[in-house]
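You will see chain A twice below: alongside chain B first, and alongside chain C after that.
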Partner chain A sequence: MFYRQSGIRHRSYVSDSKLFPIPMDRNLVLFLFLLGLAAPLLIDTLYLNSYVLPWLIWTAAALGLNLVTGWAGQLHLGYAAIMAVGAYSAVHAARFGIPWEFALLIAGLASAAIGSVFAFAAMRVKGLYLALTTLAMQFVMDWVLSHVPAITGGSHASLQSPPFKLLGQPITSDAGLYYVAFGWCVIVTIFVLNMRRTGLGRALVAVREKDYAAAILGVNSLYYKIVAFATSSFIAGITGALLVVTFFFLASPEQFSVTVSVQVLAMVIVGGLASIIGSYLGAALILLMPGFANSLFSATADFLGWQMDPETLAHIPNAAYGALIIIFLMVEPLGLGKIYNNIRDYFLVWPFDQMKK
Partner chain B sequence: MLPIRKYAKGLAAGAVLGIAALSSSMAQAADPIKFGMCYDLSKSYTFITPQIVQAVRDLAELTNMKGGIDGHPIELIVQDHGNEPQRGIECYEKLKREGVFIFDMLSTPVSIAVLPRIMSDKNILLQSLVGRGDAIDGSVFSQIFPVGPTYWGQIANDIEYVRQTHNGSLKGVKIAFVYVDYPFGQEPIEILKTLAAKEGFELGLFPYPLPGSDQSSAWTQIRKFQPDAIVSWSLAKMHVVASREMKRNGIPMDKYISVNWLNEIDITNIGPAEAKGLKRGTNVAGGQDVPIVKEIIAELYDKGKGNGDRAKLNDVYYNTGLAIYSVAFEAARLAVEKGGWPLNAEKMKVGFESLKNYDANGLFAPVTVTAEDHGGGGKTRIEMWDGEKWVPQTDWIGAYNDVVWEVVKKSSKSFKTE
Partner chain C sequence: MSSNRESEPLLECSSVERRFGGLVAVSGVDLEIWRGEIFGLVGPNGSGKTTLTNAITGFYPPNTGTIKLNGKDITGTSPHKVARLGVARTFQNLALFNGMSVLDNILLGRHIHMHSGVLRTALYWWLARPEEMANRKIVEEVIEFLQLESIRHELVDGIPIGLKKRVELARALVAEPSLLILDEPMAGMNQEEKEYMARFILDARAERGVSVLLIEHHMDVIIGICDRMLALNYGEMIASGIPRDVIKDPRVITAYIGDGHGE
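For the complex of A and B:
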């Protein structure tokens, strides 16, 4: 009923490879896009800039990591390190007087260059060994950040980012910063959506499924591994830079520590490998749930008049949050994106689903 | 999915610890003075936060029983941020909209993360013992109040203590600096090198990696170095590991001078008898022989009204919590006295900058905060564990201020962007 498929006939390859063959999907995405555009009018600035904005930026990061982990099948535990490269190169470039448009580009390129180094490790090792190699690179980056004051501005220090301007326009308002994050997330989403149906996307999937088999089919797996790492690092670099520019306003090493790497990987896994909607949902769950659970729980405790000391009040939501992740993954090991797909599949034939049986 | 309406006041704040014991005379009288405490109650800082929260709640309750600050009760809003910068920012933004303008993050990463927002919103950030050391430079960090010592000031005072114990001269003295190899531990190195050149002592640097459970190579090297004094920048259980390594390498405990992060729990873990002779630098008087602690015990805990486990009281971090907020409450009192009600961030800043030789009846080193120096002088003293209690070894000292401020100025200059 909602997802009407009658009358959809593909007469050419182009129409067959449309992004959204079913109008409902397209309309839903369009609706969400318009909702995103109108968000500054609908949502209080607190929620807009403290929840939605970081959520969109982390989604872009999760999509970037999903490209290399979900599509190309390469485990990556050093994603935050790559984001740090982008963040610090952009801030340094901007402090040097380079306009932000180019600073962001420099961030992407610098990250892509360093991220490709990870790819050389990926050529030699696979699976858990690759995970450990990338983790080691994360630690190398942590070490560099804490031992090279020229990059970070000294121990315990932080590097303030200069006022943000795009196309000569200073961007300082809450809505302006939100639109920058929103725009970037939309660009990354469109890129990943389209990548799936190109030769590149299919080659990445071939490499993921079995790189020997891909090689027999004529897919140069080494080349595509490097491309996957470089592309996802480019996204990571700009995302890291935008995170600093629109949310933190300064770069400090803790923002890109190993725990952040693990968090982004958790977003991808909880959301679902190679799932775009999953990256959105995963980022929401991992990033926003702890704070949300906290508010929810203390509101409940307040409402019921429970007297508790602050530590207990802080720990119970954490336990609930952990349990929630376990429950989601037990219900659907393929992640939140798969849960969404299950619901969609149900509605695809609803209300006629009984007729099949 | 996104809750659009604003939360009703009181629900939003994580845990609003309504102060129940308002005295009847001011029951529903005045507007409260709100303190936003976004703390790490669940991750890295849990070795101090429970004691500090308990201390601040006790102190606030005691103050409210005595009539609050100029008739206005104190309201504490405590929320967990799990030491994650983005959750700290979320907490800050939320409380800001509820009219809180005095914040305390008690975490270095989170204090750094909210710094640009605090500065541009012109709110107040209490930042004692955490965050950027150069924030004591009030001319740059006008809204930040890290009242208390910086790690730079602390190490200078430790060196001064070693100088005093070596008849006033450090020529030819060997000082080992053992530290955990991340920013917290690396911070004092610059000061140490400057002082080594100035005073002529021989400095040995001995880093060990996080999480600090393996320090064996550092201590083997220290044994070979044969230092006259060992200064240690370690936290919590790292001290316990250090004490074990010292025993193994035959290094006597009385050479060990710790940073302020060493408490009674660590002493218990080392063994009170084994720890005899161990020293620590501190800006807060340890133990319960302090007027304000005695008063809290008499007024609250003896009457069964304490805000937590009585056993936690015998902990220097409890006293640290009292110290941070005695300063804040005194500043608020001065602010109301000078600028009248309603209190705002601007008046609060004036209040802080009017603190003169304030020590809350001997609870901590006297602080004098000025518009230039937000650290209050950075005085500390060395205390020694005698097997049962802490015994002060020196007066409150604030040594080598010129060297410390040189580093502060150099560092704070790089913060500005325009």
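For the complex of A and C:
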């Protein structure tokens, strides 16, 4: 009904390859974008900076990991380590007096360099072996962070991030920090959206699906694996730096531990491999659901007057959250993005379901 | 159709041999394909036809022997480089990318003519779009040529096998190869689809100037469209020449039909 395709005729290749060929999709995205711009006016500062801002940052991270895992099909369990490289490079560069614009760029480049090393592992091994190799690199990075005081100041130390400035403008207000996160998330999203309609995206999917067929078309799969790792790492680096700058305000090793790597991978898988909307939904579920389940549960317990020891109170929401992930993946193994697409496809032809192919 | 006899053939294989452990899959094969030729390759199952194509395209380089393309030695060159030298192929069991639309699959055939980089993607509107649109135009010509207009936005997964074969041919053709290797393009097709495909192959040569190495079991097709052919059995050449001579060769009849039925 709202999404109708009939009557939409593209008269040029440019118009046929628009990001959102259906006007309803375009309007919806525009609406969400405006909502994002207006968020500081609409949402209480506390919620804005403790829920919406980290959600956007982690969405950018999930999109970066999705690029290498979803599009290029390379399992990656060391993503947090790459984010750490970016975070520490940026903070050190900024402390050294380099302007933040360049510090962020350095973060991206440093991460891309280290991430390409991961890619050299990817050239030799595939699938679960690659997962283990990248996991090993995560542990190496964990060790380096806790044992090289020159980088982190030691295992229990944290590194203060210098005041954040962009284009000479100090950014300290809550709204300002939010806009930085929002802007970065939009940039990453646009990049990935564009990637889907260019040769780069096609080549990555080709490498993922059938590398021998890719090869006979002239796609050098080793090269594109490295490109995927490097690009994803570049995104990870800047995302890691922004996470420290806008959310944590200081960098410490446990922010980028192996648990975090697994969490980002969970965002990607729960959201849906190679799905952009899925990365948003997956990040929301993994990041916000524990807190939400927690408050929902304690509110219910209060309301019903249940007396419970704090330990039970802490564990039941966790169990419910785990069960929720399992239920989502059982209902739709292709992730939340696929659930969204199913709903969209339903409305595309509603109320004429028999038109569906 | 007379072949354009130049000083050197487009493809020249000399005494190509490929072994897998103790198994000799292809041995002592000599083959020349001239520009503008449609060359048939036949043989019973397991006779080494696909192995020979894999040797040419670089998947399984020959253990001995040389392969020359346009006089240039390409023995052992990796597949993605062979593609850039002007060889395109289709696969016996189809090798389309199921998660992609027909259009994206065919656009991938243009990969060697495009610059697919990160920076171009990041600055799509300024750097990538002109190139994408120019290549889209070329792809659309082939889509029209192979009559795939109505399914261009469908996922490859959901279309019938006859169309899948045509999409794969389209993907190979848009690369503008000088040599097109078709590995059983008519397997599993009915008579009408076979005739369509045979017409497309002839038109591809006439309009796009490709030379074709055609692997096929349907003898009527081979006789109908091939200029010359080669028959393999147990990895060895048993006959080569003009199709109507080759199919009368007693060894070919024995290999295909068995003893006791020959003339």
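Throughout what follows, the second predicted complex is superposed on the first by the 353 of 357 C-alpha atoms of A that agree within 3 Å, B and C clash if a C-alpha of one lies under 4 Å from a C-alpha of the other, contacts with A are read in each partner's own complex, and residues count from 1 in each chain.
In the analysis below, contacts are C-beta pairs under 8 Å (C-beta built on N, C-alpha and C of every residue); 3 or more make two chains touch, one makes a residue touch a chain.
As the structure is a computational prediction, the values presented were derived from the model and not from experiment.
*Asks:* One more residue to check, A:Glu101. First (chain B), second (chain C), both or neither?
*Replies:* neither
*Asks:* Name the contact category of A:His315: first (chain B only), second (chain C only), both, or neither.
*Replies:* The answer is first: A:His315 touches chain B but not chain C.
*Asks:* So, does A:Ile216 touch the first partner chain B, the second partner chain C, both, or neither?
*Replies:* In the superposed model, A:Ile216 contacts chain C only, not chain B.
*Asks:* Of the two partner chains, chain B (first) and chain C (second), which one does A:Phe191 touch, if any: first, second, both, or neither?
*Replies:* A:Phe191 contacts chain C only, not chain B.
*Asks:* With both complexes overlaid on chain A, does A:Asp25 touch chain B (first), chain C (second), both or neither?
*Replies:* Neither partner.
*Asks:* Quick check on the superposed pair: does A:Thr231 touch chain B, chain C, both, or neither? Answer first, second, both or neither.
*Replies:* In the superposition, A:Thr231 touches chain C alone.
*Asks:* A:Asp353 contacts which: chain B (first), chain C (second), both, neither?
*Replies:* In the superposition, A:Asp353 touches no partner, neither chain B nor chain C.
*Asks:* By the touch definition at the top of the document, which applies to A:Pro54: first (chain B), second (chain C), both, or neither?
*Replies:* First partner only, chain B.
*Asks:* Hey, is it chain B or chain C that touches more of chain A?
*Replies:* Residues of chain A touched, chain B against chain C: more for B.
*Asks:* Which chain A residues are contacted by chain C in one complex and by chain B in the other?
*Replies:* none
*Asks:* Within their complex, state which residues of chain B touch chain A.
*Replies:* 1-4, 6-7, 10-17, 39, 41-42, 46, 49-50, 53-54, 78-80, 82, 84-87, 89-90, 93-94, 97, 108-109, 112-113, 115-117, 131-134, 181-184, 186-187, 307-308, 411, 414-418
*Asks:* In their complex, what parts of chain A are in touch with chain B?
*Replies:* Contacts found on chain A: 42-44, 46-47, 49-52, 54, 95, 146-147, 153-158, 160-163, 247-250, 252-255, 284, 287, 290-291, 294-295, 298-299, 301-303, 308-311, 313-315, 317-318.
*Asks:* If you look only at chain C, which of its residues touch chain A in the complex?
*Replies:* Its residues touching chain A are 57, 59, 78-84, 88-89, 91, 95-100, 104, 107-112, 114-118, 120-122, 124, 128-129, 132-133, 136-137, 140, 158, 171, 175.
*Asks:* Along chain A, where are the residues that touch chain C in the complex?
*Replies:* Touching chain C from chain A are residues 13-14, 17, 191, 194-195, 197-203, 205-206, 209-210, 212-221, 227, 230-231, 274, 357.
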